[in-house]
Amino acid sequence: MSVPAPLYLSLSAVLFTLGTVGVLVRRSALIVFMSVELMLNAVNLSLVTFARLRGGVDGQVVVFFVLVVAAAEVVIGLAIIVNIFRTRDTVDVDDVDLLRG
Amino acid sequence: MAWRDLGAASPELVLTVAAFVVLLYDAWMTGPSLESPRSGGAGWLALAGVALALLLNAFPPTAPVAFAGMYVRDRLTQAVTLAALLGTGITVLLSPAYLNRFRLPAGEYYALVLFSAVGAILMGAARNLVVLFLGLEILSFPLYTLAALATRSRRSQEAGLKYLLLGAFGTAFFVYGVALVYGAAGTLDLSRLAGVPLTPLLGVGVALLTIGLGFEAALVPFHAWAPDVYEGAPLPATAFMSVIAKVGAFAGFLRVFPLALPAAAAQWSAALVAVAVVTMIWGNLAALFQTNLKRLLAYSSIAHAGYMLIGIAAPGPAGTLGVLYYLVVYAVMNLGAFGVLILLERRGEEADEIADLAGLWGRAPWAAGVLALCMVSLAGLPPTGGFIAKLYLFRAALQGGHTTLALVAVLTSVVSVYYYLRVAAAALSGTAPDAVAPRRSATVGIALALAGAGVLWFGILPSTLTAFVQQAVQALR
Amino acid sequence: MTPGPLTLLLAIPLAGAAAAAAMDAREERRLRAIGLVAMLLTFLLAAWVWLRFAPGVAGLQFEERAPWVPAVGMTYHLGVDGLSVSLTALVAFLFPIALGASAGQIHDRVKPFVVTLLLLETGLLGTFLAQDLVLFYVFWEAMLVPMYFLIALWGGPGRMRAAIKFFLYTMAGSVLMLLAIIAVYLNAARLPGGSTFDLPVLLTHPLGVTGSTETLLFLAFAVAFAIKMPVWPLHTWLPDAYAACPPVVTVLLAGLMAKAGAYGLLRFCLPLFPDASRAFGPLLSGLAVVGILYGGAIAWTQRDMRRLLAYGSMSHMGFILLGIFALDATAVQGSLIQMINHGISTGALFVLAGLLLDRTGRARTDEYGGIASLVPAFSAVTLIVVMSSLALPATNGFIGEFLILLGTFETRPAAAVIATLGVVVAVAYLLAFVGRVFHGPVREDLRGLADLTPRERALVVPLVLVIFWTGLYPQPLLDRSAATVNALLNRVAGTTAVQPQASRGGPPRAVTPGSPPAGASPTAFAAGQGGTPRKGR
Amino acid sequence: MTYAVWIPLLPLLGWVANGVAGGRWGRRGVAVVACGTVVAAFAVGLAVLASLSSLPAGARHVEVDLYRWMAAGPITVPLRLLVDPLSAVMVLVVTGVGALIHIYSVGYMADDDAFARYFAYLNLFTASMLTLVLAGNLVVMFIGWEGVGLCSYLLIAFWFTRPAAAAAGVKAFIVTRLGDVGFLLGIFLAFGVWGTADFGVMTRDAAAHLPLGGAAATALCLLLFLGACGKSAQLPLYMWLPDAMEGPTPVSALIHAATMVTAGVFMIVRMHAVYLRAPLAMDVVAVTGAVTAIFAAASALVEPDLKRVLAYSTISQLGYMFLAVGVGAWGAGIFHLTSHAFFKALLFLAAGSVMHALGGTTDMRRMGGLARSLPWTAATFGAGALALAGIPPFVGFFSKDQILSAGFRHHDVILWIIGLAAAGLTAVYIVRAFVLTFLTAAPGVMRTPGNGDAGGHGAPHEAPPIMGIPTLVLAVLTLVGGALGVSFVHPGVLARFLLPAVTEGGPAPAGSEAGAGEGVLVSVSVAVALAGILAGWLIYRTGTLRGRSDAVRALLSRQFYVEDFFNTLVTTPGRGLAWAFDLFDRDGVDGAVMAIGRMIGRGGGWLRRVQSGYLRQYAAILLIGVIVLLAYWVSR
């Protein structure tokens, strides 16, 4: 249990970046979605680390909110993605380009 | 949790309760079939909720700070609530005609609208980053759903998807910002942030907070979702999100920047000035040659976000006054503009091209008049509220010594006149053989009358609203 | 506060607009009647104000002041003085004529036309009455909006483009003025009066801006007004707008709106920024001279009737600018009276051009020929108006140009000498116009052209009468502006504007000559009120 | 003497009456109103003259203030009339000759459709001219000055459906306006010097305010003289007058011979006290006059058009007048003005009768032998011609002689020689005109009625009495008018009467002195005139003298290329400049503005392309924002 806090934070940052890259490079809406979830969980890691550092519980409380929010996001997101799949038979975000200009 | 706390949050509670009542009513009355649109009662219930919330908002609570210091209902909250409720109320009035015509599930629609309003108000009342985060999410989730509400419209679905994915992406940055601020300051309490030294970590956190709020406000370069979502979402949803997202985001900006971080003003002000400049230029230029009205208004709303950001970027009482005044006026004038579009329909589709406005004058002169008036106001021309609002913001910019900001603001205003007046002239220009037949709707008529009157009132007799927001500003000092 | 005559002056056309808006759009005759009644009532009230105006008083009269937005120092402050009283009357005078002339031109959407026209009248009157900077700006910009719609909705070919060009061009100038207004207001925070937009209050103390700041503020104001006038080279919106406008609206655009620009220079630029006004006097005089000759020369080349008159109008506005920045009592008086004259003469020219366009639909001068023998009365009236534009003595145009050039000759002889050549250029293009349209062989396809109807006679006769009245007996107009102009020039002459001894030539009297009427402002032009003319040699 | 205001007011009322209601009361009514007002003005003029004569010589300077016209700043301009011998004489000339020509016009214009308009204009002209001569200050004079210019334009272009007439009117207006620029600047300078442009003040205080030969005096006089050049058709602004002959002939008689064109001379006499302060300007006036006199006389030699011959003659005679006033012979100048008014009006009216008889023809190559069918006309024209040539006892002899002798005494013999040469040429060209018109039997006399001008029909016949009688009256005046200024009893009646008006503020004018060798001078000038007549007769009647040079002929027929020079130097570049401005305005000034607009528009188009519709690109844009913001904050 002697892993120093900066490493947690760094891990968090790396995970967050991975998520970001995932959003940018993946074409499947589902994978993009998962990447966002990864970003959120990276943040959670940071929050917990900071809470440990600061010795308070604020950060850990926030984690719960973030989890709830992420769950809600999934609910809405999947609904929409399913709906899109029904109308277009694809979840490739690059095919979703009716609206532009 | 004391009753006093609930009393302070009474407008939000009333809206939340109203949202649930609407859902229950909808489930009760319409039965299992989503196709049954006759649910006018839901709209009235929602309206009653908004009205009650407005009434409660008029009374300042005995103890403004509530929920263990996480929530505050001060004059600023009241002003934000006013803007949010005005926007929500007018939206509720505008919607029934459209919902019936396009067979959208009214109960869900109204409930989502009310929830979203709660989120925006909560952002105005946030005294803690968690509350701000919650407000932001409560604000935006219903909006994602509203955008995708027309389940059989590919455009609506596309709008929903883009909004959701990009919104989640933005939210992630915001949450990361919350985490870093917490890490740097050791607290989530906004009122205690002022004394914290500005470390790079705090700076990065603040920057990430900016991204989340900027996304919701559609500031460049976090704006890219807005044009597509505005165009694809059902009209009343577009109208509503154009207003409520701005109210929430700028309430958040006010809570975070001028109020929580006054000491670091020099640092964040420069960044926000740059964002404001880019936003004003981008929004107005991109709007120039749009032919789709929803898209045009989307870019317009981006531009207006840039104007409002002036009030944040040039901190001080004048800036706060300007933002608050602008929010109220913007809610009224933007909804007035969208309201007229709701009346238009061509072969069962939205008639949202500028060309569709031809002949509107001949069929519905008053609607055309209100549209023109709102366009004039959006363009910031007297004697409308849009002018006074811009005047206050320019004053703030110059007072803060941001001459470049003011210059960009006025010059882009000139550019904006090009597209606003094109729309106004199209609406007023005579008769056209294949003119779109505007629908008649009493509630929309009332909403338009309210919007038109409001635009003129805030422009010709601005002293009442000015005094109201002035109190909000003074109470903060 | 009970509303005074000036508030009423704004309220009558507004009420007329409301009444017209409430009427059935199909009752066109009654709509026009309502509009005409409102405008005539406005005119009667404006005439009453003009007659009751006490000459010899430098300050504001019929003043009305009420808080508007006290939180930000905006006041509802109206008043007339020597600069504005006659212009106000001119506005009220030209509107009924324009509405009357529209009967043959505007056939569709009569209701919004009447409403828009009345709103425009309110805007214009407000521009001349407002004494608060923001209030002024509100009217200044607000009048653009109805004007835009008048061009865009009722104009001829190319109207949309011309309308938006007009709007963007003029607005680009005025938004900078808005920033300058705010800057003046913020700057006043350091002064004893505190931050306020109230012009007379601002003028009770020197503004305290100097150097490049004053230059920038002055330019921001001046450019806004220069575009509206327009001043070369900021004029290119004008030919397009004038040519695309419905002719009756051109009457208002050329006859009245251009004056708002010149008026703004006198009302704001000169008293607020006396040092910069003096510093930029030579430059602006030079631009005026260029405008006179350049506008006149281009007018001569034009074949489109309204473009010809448009450039001619620009040339004439050059004289007004020249007079203003001669900074000489005679010249400024001349400019003021020339504003009236230009309104009447150019207004009349466009009324007549409109009547011709209604009849034939021909915009180009070479599509006419010899119509003087077909429509003698019309031609006679046109000739009188043309002569007034040529500044023929005994017509109004002469009084203005003579006083302007005479005064300018004292302070800027070179500019005056070159500008005097403008009277030759004016002859060239105006007589070319008369020659192409009225003289020459009669075009057979114009046979049967109708002469002035009784209604049209009723429109042009007042204009002709004013032309001769001003030409032969301009003194009532000159008397009304004398004291204000003297006070204004004393202010400009003094480096700090408060010390009366700074004014050259003659000891300034501290007391207002004559008995000030009720409502005369105690604050207006506190410097050298009613002082003797600055001019000396 | 306030009633003097009725002198201009009466014709003005005639204008208003005929202008507003001329169509209602028929030709007879129009004629009565028009002629009646002018005759009445003449009567008032006589009364003014009488009451002026009853005053002591020193008090013959009455200012009539009507009201304060303009007062702005330190400037006050009253609407002031000045009644003194000079204006009284001018009033009588204008109203007298004017009345005769009005009456003549009733016959001449009898068949014209625009009868009422014609007389309205003529009345307006008379009113303006009377305002000009009665003016008490330069500004009021400018009312009349411009008013007569306007009427000149209107009447030259009276038959405006003829492009030539319309163009001639415009030309006249523009060229005279060019001179008026000088006049206006002169007024401004006067205000600069005296603070007023009042004749009384300027005359009285000329010496006090203007150093002799100073720049101010010279500039003022030259500027005013520029105005005079335009109005009186002197070099280089003469070119409008020959073209002005497009107008009806009575108009040419009244405006372009007798009255308006003499306004410049009158103005200089009015301002004589000021001119005396500027010897250089005086010399310029005299030299310009002399050169114009001989230049125009030479131009008249080859002119085929009868009226244009008379026009050049007018220019030439005006040159004499300027020569007179240029050497300070004020009285002689006014005397010649009066005498010229008589004989030149006579010549024009006679020419009008010819045209009337020939249906509007003015080309002398198509005339000839008219003495037989038009004996009265030939006789009256002959009287005028002799007066023009300066043959005693016609009035022209006396007046021209006074000018020449004044020029001789003005230490500058060259002026005298030029004047003498011009007198010789004058005799030649007028004999030529007379011979070609009335004597030589032309191969085919033009008989078809022309369009527009007075309509004669059939064989040439004498004009009706209403045209004949005014011509006769003028012929008589030409014969006996010399009595006004019989030079053997210096100073003449007219000169003596004028003396109070032209001596104020200056020394006694040169023209009034009796000089030694007067008899010799007279003999020389008569001899030159007679020689000219003889030469003319020998060339054009008998054909004895021959030998022509085409080069000289071309030179003369292009009037020494003055106008071509003017066109090349001023008119054509001016037009080119105007078109260049037009081009520059559209592509330069407006082009720059529109380029800004296009640039903004292009930016908008580019930004639209950025909005590609691809979600991942939007995310990338957002990320760019994130990176920039983070970079900013980290770099703080």
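A few points about this structure:
We just call them A, B, C and D in the order they show up, numbering each chain from 1.
Note that in this section contacts are C-beta pairs under 8 Å (C-beta built on N, C-alpha and C of every residue); 3 or more make two chains touch, one makes a residue touch a chain.
This is a predicted model, so every value here is computed, not measured.
Among the other chains, D has the CA centre that is most remote from the centre of chain B.
In terms of C-beta pairs in contact, B-D outnumbers the other of B-D and A-D.
The chain closest to the protein's centre is C, with centres computed as averages of CA atoms. Here the CA centre of chain B is 77 Å from the CA centre of chain D.
Chain A and chain D have Cα centroids lying 96 Å from one another. Distance between chain B and chain C, defined via averaged C-alpha coordinates, is recorded as 42 Å.
Chain geometry summary: the mean Cα position of chain C and that of chain D are 37 Å apart. Touching of two or more other chains is recorded for residues 161-162, 165, 169, 227-228, 290, 415 of chain B. In chain A, the residues that reach two or more other chains under the touch definition are 20, 23, 32, 93, 96-101. Those residues of chain D in touch with two or more other chains are numbered 608, 611, 613, 615, 619. Contact between chains, as defined at the top, is found for A-B, A-D, B-C, B-D, C-D. Listing the residues of chain C that touch chain D in their complex gives 168-169, 233, 235-236, 294, 297-298, 300-302, 328-334, 337, 370, 372-373, 376, 380, 383, 387, 392-394, 398-399, 402-403, 405-407, 409-410, 416-417, 420-421, 423-424, 427-428, 431-432, 435, 438-442, 472-475, 478-479, 482, 485-486, 533, 535, 537.
Residues of chain B that touch chain D in their complex: 161-162, 165-166, 169-170, 173, 198, 200, 203-204, 206-208, 210-211, 214-215, 220-222, 224-225, 227-228, 267, 270-271, 281-282, 285-290, 415.
Across the complex, chain D meets chain B through its residues 600-601, 603-605, 607-608, 611, 613, 615, 617-619, 621-622, 624-626, 629-630, 632-634, 636.
Residues 361, 365, 372, 376, 381-383, 387-388, 391-392, 394-395, 398-399, 403, 406-407, 410-411, 413-415, 417-418, 421-422, 424-425, 428-430, 462-463, 466-467, 470 of chain B touch chain C in their complex. Contact residues of chain A toward chain B in the complex are 9, 16, 19-20, 23, 29, 32-33, 36, 39-40, 42-43, 46-47, 49-51, 53-54, 56, 58-59, 61-62, 65-66, 69, 72-73, 76-77, 79-81, 83-84, 87-88, 93, 96-101.
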